[in-house]
Amino acid sequence: MVLNVGIIGAGRIGKIHVDNLRCIPQVRVKSVSDIAVGHLQSWAKEKQIEVLTTNYEDILNDKEIHAVFICSPTNTHATIIKEAASSGKNIFCEKPVSFSLEETKEALEAVEKAGVKLQVGFNRRFDPNFRKVRQLVQEGKIGNPHILRITSRDPEPPNVNYIKSSGGLFMDMTIHDFDMARYIIDSEVIEVFANGAILVDPAIGEAGDIDTAIITLKFANGALGIIENSRRAAYGYDQRLEVFGDKGAAQADNNRVNTVELSTAEHVSKEKPLYFFLERYAQAYVDEVKEFVTAILENQPIICSGVDGIQAERIAKAAKESLETGVPVKLEQIGQSTAIY
Amino acid sequence: MVLNVGIIGAGRIGKIHVDNLRCIPQVRVKSVSDIAVGHLQSWAKEKQIEVLTTNYEDILNDKEIHAVFICSPTNTHATIIKEAASSGKNIFCEKPVSFSLEETKEALEAVEKAGVKLQVGFNRRFDPNFRKVRQLVQEGKIGNPHILRITSRDPEPPNVNYIKSSGGLFMDMTIHDFDMARYIIDSEVIEVFANGAILVDPAIGEAGDIDTAIITLKFANGALGIIENSRRAAYGYDQRLEVFGDKGAAQADNNRVNTVELSTAEHVSKEKPLYFFLERYAQAYVDEVKEFVTAILENQPIICSGVDGIQAERIAKAAKESLETGVPVKLEQIGQSTAIY
Amino acid sequence: MVLNVGIIGAGRIGKIHVDNLRCIPQVRVKSVSDIAVGHLQSWAKEKQIEVLTTNYEDILNDKEIHAVFICSPTNTHATIIKEAASSGKNIFCEKPVSFSLEETKEALEAVEKAGVKLQVGFNRRFDPNFRKVRQLVQEGKIGNPHILRITSRDPEPPNVNYIKSSGGLFMDMTIHDFDMARYIIDSEVIEVFANGAILVDPAIGEAGDIDTAIITLKFANGALGIIENSRRAAYGYDQRLEVFGDKGAAQADNNRVNTVELSTAEHVSKEKPLYFFLERYAQAYVDEVKEFVTAILENQPIICSGVDGIQAERIAKAAKESLETGVPVKLEQIGQSTAIY
Amino acid sequence: MVLNVGIIGAGRIGKIHVDNLRCIPQVRVKSVSDIAVGHLQSWAKEKQIEVLTTNYEDILNDKEIHAVFICSPTNTHATIIKEAASSGKNIFCEKPVSFSLEETKEALEAVEKAGVKLQVGFNRRFDPNFRKVRQLVQEGKIGNPHILRITSRDPEPPNVNYIKSSGGLFMDMTIHDFDMARYIIDSEVIEVFANGAILVDPAIGEAGDIDTAIITLKFANGALGIIENSRRAAYGYDQRLEVFGDKGAAQADNNRVNTVELSTAEHVSKEKPLYFFLERYAQAYVDEVKEFVTAILENQPIICSGVDGIQAERIAKAAKESLETGVPVKLEQIGQSTAIY
């Protein structure tokens, strides 16, 4: 069987998915929609895309399409998910699902009702380093987890206009780390305390956001967690984590473009970490779409479900509230659990 | 000139100081006192110690003695400091100075009044790894510090009886990390939030203490800090730190007994970290007494002063209060600054 | 322009080239030949290959084909190169070009005469680690090279039947290292001394070959070189090198499947090296065909030319002679330089 | 019992032994001789040395002295060993024992006849890294050894005058590596092939020596070995080795002064290796004298015996002959085995 796919939103991440999908033999990327398509003509031709449209509903209405990738701006996600679910399409949606827990819940209910698959784009779950750490935890190699530490720093901040509409550091950047925390520890976060600061660029503060944060977590299984964030690491993208338990610890270090070490009269040096998420998570982007395709074709469970999406959003909300109030916030105060989660 | 030294308290740490002092040509370890000396006779003879006494006042009254090392139990420190200062002795005192900020302050005032030197035994300040990190920070190599992270885990907990009289995790174990935080960042801690858990041994909880902790710090210069503690790391003593700033990051890794890497069909493995503080900080123990001796002989400033002692204690108190109340605690609420600090 | 490609020989390596070529937008893999094609039907269909034939001349006679990949057994290479050159095809040929210096020379002369491009499959030249080392050497970062060391060990030996027709360790396995030596040092080898042993499997010795070797090299620019080989490293594929010069040294370490380090009561361990050449050189296989395509489309020089092929073969011959005679062998004694090399 | 020690030759290495011996409680460094002693008066006083003499026979004639350290120039070693043995002293002799195999043999015969202990100063045998590698080999962790590689590079060459009287690179510098090869593999070297070059400094060539070398070894147990030498590594003292066997490989990396890693916009860097032998082998110098003392006091075997001394010299001779003749040299051609070796 060939899986026909439509892409909604052909920005940077939409194009990456096209490239990765095209290397999967069972997949045909049939259609792409975007709010403007003039500049996409030659790109679409090179990629052998048949349908290029400004109206994503053309994709939802196409009976041949089995799955859609929602790569449009966050504020459109929930609506499109609901429509796509009604049209019976399987859905891959970029993170976060929405900026509103209510909207996210409605979208997930629609997915649940339609019986389609929904995968949220927490690509880092597919990173070989973090996967290995999760595997070691699951195999009991470190025993019961006691402490999780995630270091997550970007090489440079986005521009201030982006920041203004980003939902804030916790919803835009840390949300990946909140999901990672749940993925590694395999237990729900029950309390959050956030410290934040504006140390990278005052303009970020003027935009109402922070650029540096330390968030501490308590998990239902008793473990404690730390997340460290900065919007700018001079040496590049810093993506490490360590989980410590009663039998030992597993740590994932950064990836580098090569293994070369240079020794000179000045020092011994090696390459900096891979520059940013496109480089560091190149393989994760490949694998997340491969496994989404396999989950559909072989009707297997999804590795990042809608529930994972909403839980990460709830933690982000809690962190924001903690930052504003200066005290720890319990997750049970954030949104209400409903039957389906 | 030969510096004549007396040791008050010949337990494990007292004996280490004797060995290290004996390797310094300008030093003569003349006297040792302990509450019982019968079992110390042959040891003292081998070490060429002239005076072995059960009364530390014999040492304070000996006009030949230039400096004393206070290695007796913590609850005796403040009293002995005051007496030693009155006797005009320079003082090396093990950490913490006392369990009471009031007592500590009185002791420091006595030192101040007598014009003698007081060094507090924060031996980690002399560790080559942490010293190098501090140097890099001071030289501006990482720019303005934004985030400090200290990982500090013991290989096994002390026995429960010790824990009961230890002053608690923050005063007994984390106090080294609180001092390290101030040493590396070179700015005062202004706020503390502590998460604690009993994950290693329920008996520690029954003794009224915790065995696992995450403490977040805010510094006066705007930097944020994290300290991670566990009373038991299966793989040994874990003593690492990283400081991140706008120009980069410096991290100190654990030391190992050798550099050998073994590759087999199973895995690639190397040695575990050095087992515990005696092994890891062997050089630091040597250097702290060397530099104390030099500071006296050449009248130079002390690297860990009494003020450093009291500030670490204040942070420990704040952490304890945060743990009890569940909210962050400001340092200005802990003790009162007095003129000399 | 689209580059039409034909593959001659659809064994393991031929299929890898097909997959990698299909990810290049400007390439169409039109035809595949093999001595038997029955088992290749469904594979060829999945890969959208139009022509599947038992006669490679069908490919050479196809005017649409711009380039061929020769992935058939080594003893057919020289003949096919000559025919392909006559047909005006650009040629990618797996290593070694042949087992006979005379045949190799004739083939290269045919290529020269036809004015087509020939790339020899020394894929390791495209490995990011080794490329970086070469770049550092070229930039003068290590100064004048004094010593080159190549460690090259396979995870397990091929079966003995393969070994019998392999041309021997030096021609089959070390030939990659001989090429690498020339690539890194950028100077010709002038003398070779080889030590060999049968330590892995006596059956290899019975087949007339060795399984362990140390080869020392002298280069025209005065540098010295070492190559270490083993047919079986218990821990996997070991592919490292180091070049040392008057300003410093650059070393390339193995690649691992992830960066995770696990610390337990037993030891600190990390992943073994990537298992074998398919894993370790996956990116190199991608890049060698990409750059071959680019060299044709943009008429740029080839990174591994026919001359590189013949020089590696000459060194392999010299090593074999040294092993047999027990004394060093000068390269000038091996084959005769002709005008074109 | 107190072991009374005399030092013959108070140059750099003699003084190091004095400092290390003084930290051993059972040892009293009673006497020191040197060809001139005027400049040693205050040093000897600080070190509490009782006898300072220009005549080493004063030490040999002193009935209180149990052991002597021969730290005088190499050309005096054999004579002093013979006299010291006749006087019944245990002997620690710096390497090499002599420049002449005949002299060395005579000296060892005298030691054998007198029944005293002789330790040769191959300090690297006591280095924790290399010891661990040897232990892993002995425990069978790497299986049967197939390949040994020793990388040994100095940070800078000695002055040319020293080189002229040094016995040449192989006798002066590589001799440590020859001993290390035997220590790790625990099998005799049976054949040597040496490549040498003058790449560091032409003045070394003019002095009749080389500054860069690659030596390949064959061992009696079938293993192969490589030693790489350079008189100048820009980044400092490079002392690594790796042994590879049928079950795996063990490698020892350089030591660094601290574990700090600095990440900046330029690169990720760490400290260079410890500068030279005094820093790198500080612990080995301590341990070699400790174990010599223990071997005497507890009548245990010596870790580096006179036989080890003579075997290393024979390999050095073979390497020199190979360099001069351009062909491999068998060890059996070098000197004649006598009954006692």
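We call the chains A, B, C and D, going by the order they appear; numbering starts again at 1 in every chain.
One rule holds for everything that comes next: a residue touches a chain if its C-beta (ideal position, glycine included) is under 8 Å from a C-beta of that chain, and two chains touch if they have at least 3 such contacts.
Just so it is clear, the structure is predicted and the values come from calculations on it, not from any experiment.
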Quick one: which chain's Cα centre is the longest way from chain C's?
-> B
Would you mind telling me which chain pair, B-C or C-D, is linked by more contacting C-beta pairs?
-> C-D
Chain B and chain C, separation of their C-alpha mean positions in angstrom | 58
Separation of chain B from chain D, taking each centre as the mean of its C-alpha atoms, in whole Å = 40
Approximate Å spacing (C-alpha centroids) for the pair chain C, chain D | 43
Identify all positions of chain D at which a residue touches two or more other chains, and write them in rising order.
-> 233-235, 247-249, 263-265, 271
Residue positions on chain C within touch of chain A in the complex are 23, 25, 46-47, 128-129, 131-133, 136, 141-142, 247-255, 257-265, 271
In their complex, what parts of chain D are in touch with chain C?
-> 143-144, 146-147, 149, 151, 153, 193, 195, 197, 199-200, 212-214, 216, 218, 222-226, 228, 230, 232-235, 238, 244, 246-249, 326-328
Per the touch rule, the chain A residues reaching chain D in their complex are 233-235, 263-265, 267-273
